[in-house]
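Same chain, two partners: chain A is paired with chain B first, then with chain C.
Take a look at the complex of A and B:
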């Protein structure tokens, strides 16, 4: 496998335990180079533990992680030269001024672009004289993002980057920053709760549920195979039509179900069935798919 | 290195409040001189004292606080990911933070100390009376130690892990192990070696503490509990290796053979074939080993836990030695042990507790031990039953010399001498004599001797009936004088010629022997109790001292001419020198022991037994005084 074919991130059989609690349970995933990969999951699903282990900041109980083809635990130091990280919690020292943070990073990265940093800070409206601890939660994220991007990374890992950002900043992050990076071929791995924002830019998504990777595939394929079907009959009818359901609930006198292997032929067979009086199908947003997979009442 | 300095620079950039505080403290000594209540005190003394105390106190406290916070605070507040998400190695993070902390402490110390020192250099030197460079080195080492210990404590306690309990147990075990390494060396008088071992252990500890932070971050990364686990593993494993090496070294040091002794000293009892040999051991710096050594067979018993033979005593027949074993070298109290002098014999505890400065003596039949402590309590014990038979308190206890012996197994005689040491000028001096009867349990004051003198010496005949007392003065107004006395009552029986302590002795037949250096050389003058005198010429020597009295009316003298030694055997009954042995000298302090040892009686050596003597190269020989046969021992 040549370098271009090596995934930007490869996680294989990773388990993370805190005492008896299993935070990540035998998770495996691959983030293709140049892609925008969104890892979704509810709070406590194990996303941040997986990200820390992937970045070599924490040792997994078992399994391993590779970044850009190298073991991230063993080679963290030089890998971080090529990886930009925006942590879930702003972790820069609060006493430092933004300009001091930039100066500190400038000494560490060979590809540091001070102009790019200054431009982004200016675009975010952040004074470089401000102390990091005095910034709002959203501004801290923006500074962290500007620091990460100024090092011109090959891979950028964003752990819940929109946390604390207002609507405008969130939109700017997804539509301008990430889209721009993606256009330049930078691999983006992000965890987020902002499903609407990520839906427009992600190439591939994974959903974590209870520490496990419940789903990992191309976004388009995912959206193509998930449908909501409403029909006037018992749920048993779906099984007769070979649909796999992830969420089923009563709807008036009929049933509403989310199926994860939708195809038009099967749906036509269902609709033409003698026991069905009416049946409608509708496409689903990523958020709806997420709720169907990881929400209350979801089943595989 | 660039990354290390980048981290150091980052840490320093947020220390401005600390530097401001240091500057405020630096001003305080100068401000305090304006306080009305302190106006009576020398201004320079106030400035230098407060400046120095403030600089040292602030720097050490700051070092510990920085140590506690420099890594563990970032771990606690989940900020370590800031460093770990950058191309910074664990080494760069750790050493960068250590450098920043050390620079902060150094700068703060300088800010507070230098102005006060420069303002009153002379006053500082007078007040503190320490070498500035040495003082700074001690403060620097203390600051580094506190910084690193602060880091260890911070990591351990902030992890909130139950592993801390194991750490505390291992800390206790480490302290015990260090004591186990150091104590045997101190017990062997090895001050210099102990200092070196202590410095080496301290250095190893510093290296371990310096390396542990980098190891901890490399293995624990952003997880505070994993940091604690990695730190503990590293520290305790590294310390265990150091302590095992240290323990093995100490074991080697304290297990020399008698043949390893360099220029050994000897203490030889009057009877038996065993002696104490004591001295520095080869390749062990100033470690001194003590052995009971059988000159007949070459067997030896290593004796630990006593500070040479000064706190020991042989039984009359030389078959047993008793010694005070202290639980540690600083202890004031220990247990009296009995060591039978035969190969393979184990020391036996007696359950007799003694203070370090107590005196003890065996009865001549070896069945009992008499002890007198610093409080003047005298006790007779029976060894077989390990029971105290009788105990009494003497009126005088402080600032006295205590000497004790069994006149017979049921009777202890005690001499209490005041003052205990010679004086520069003549002072009121006395010897009070008591007897403690084991059967009647009565303490009787049997006599006393008083004199105005510089030094009072007493030696007693082997049967305890007579004594020779000497008042040493030797100035223009008062001359030294000596008397033969009744050893029980101190009544003067006859005057005796005065001489220095190593030139006069009481002989077994009750006469007094004196060595005199006259124009024709040394003579041995013998003064019988009836007043008659005889003179035996010995010869020209630079020095001549009494070495030993032998059974059968013979005296051994040790002489030195320039650097060459000679041993003389004098038959004082027949008035002749019967043997001269060149290149041999006495290895013991016998000449003084008769005057200052616990038992004031003069012991008479069996003439058929060899004497342990040195040659001029300090090798030990067994020398038979009757035949002149010589055998090298060590």
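Take a look at the complex of A and C:
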């Protein structure tokens, strides 16, 4: 298999246990090269454990993880040169100046691009003379991103990158990510709670729920198959139209349901059935789909 | 340029494709005009550059855009209009969504048609102003 074909990340049958608790349960996923892949899940769904194992920072109880075609755990030291990581809490010694941090990283990465770092820092309005401890939370994230990108990585992993950022900082972060994609085609893997933010840039999403990968597919296909349907009859009519549902609510004599295999023809059959006076269908945002898949009372 | 709505049922690449065709149809982009680079438009709309590239590729395949090697992408000298059958299909899709919304808020057909007229005029006016 040549380089272009091996996925940026491949996780196969990964399980992570802490004592008797199972944090990741036989998870498998593949992140295609050059894609923007968003891993979604509620707190405690197992995202962080999965990401740590994918990066070789922690060893899975069973199964395996590969990055750029190599075993994440065995080759963790040299793989880190090709992978940029922006952690949820950007961390560095508080007394170090930004320029010292950059000098430190420059020695670690053979592809280090000092000019790219300086340009980004100035675009973010961050003085390289500033001490890391004096920066705001958003600025720390920006420094962390600038350090990660200056190493010219093949893969960048962003752990909840917009958490705690204001609207302006969030916008500039996404702009940097978009530019990086356009310029270098870097694969981007992120975990996030900012579903509206990733809805316009993700190629592919996975939803984790209770340690399992509940869903892993192209965002466009996902949005095409999920719809909210309301109609004036009993839920039984959904089965007659062969709709699969994840959430069903009764409203008096009517029904509201989220269907996961929507198609126009099936909906027309439902609408024209004798028992139904009115029916309508609406598109769902990624956030609504997420709630339908991983929210309270959802069943897959 | 134009706005896209990431939460809409229509895929983003299609919204970009339609947005560009609209700009051309209304004269905001003329034959021979340079179109924004993939990178520029992706940043402006805050979308994945791959998505913009996909829309541009379709527009090029359909003869709306022309690519000159080393120079960039332009509006074709005679940008092709969608075929009548394609156009009708697109209109049917969009109007069935609109009709669904109108019914769900309890609007009469007359009110729905009035709003459609207003929106059509407004878009044409806005683009004329920009030209």
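Note that in this section the second predicted complex is superposed on the first by the 290 of 300 C-alpha atoms of A that agree within 3 Å, B and C clash if a C-alpha of one lies under 4 Å from a C-alpha of the other, contacts with A are read in each partner's own complex, and residues count from 1 in each chain.
We adopt the following convention: a contact is a pair of C-beta atoms (placed from the backbone, for glycine too) under 8 Å apart; a residue touches a chain by one contact, two chains touch by 3 or more.
In this text, all values refer to a predicted model and were calculated from it rather than measured experimentally.
Of the two partner chains, chain B is the only one touched by A:108; chain C is not. Residue contacts after overlaying the shared chain place A:223 against chain C, while chain B stays out of touching range. Once the two complexes are overlaid on the shared chain, A:68 sits clear of chain B and of chain C alike.
In the superposition on chain A, A:283 makes contact with chain C only, not with chain B.
Shared-chain residue A:200: touches chain C; no touch with chain B.
Contact with neither chain B nor chain C is seen for A:291 once the two complexes are overlaid on the shared chain.
By the touch criterion defined above, A:23 reaches neither chain B nor chain C. Common to the chain B and chain C contact sets on chain A is no residue at all.
Contact residues on chain A toward chain C in their complex (touch as defined above): 34-36, 171, 174-175, 178-179, 181-183, 196, 199-203, 220, 223-224, 278, 280-283, 285-286. On the side of chain A, the complex with chain B involves touching residues 52, 55-59, 76-81, 83, 85, 87, 89, 91-93, 95-96, 100, 104-105, 107-109.
Of all the residues in chain B, the ones that touch chain A in their complex are 2-3, 6, 9-10, 13-14, 78-82, 84-89, 219, 221-223, 226.
Of all residues in chain C, only 4, 6-9, 11-12, 38-39, 42-43, 45-50, 100, 103-104 touch chain A in the complex they form.
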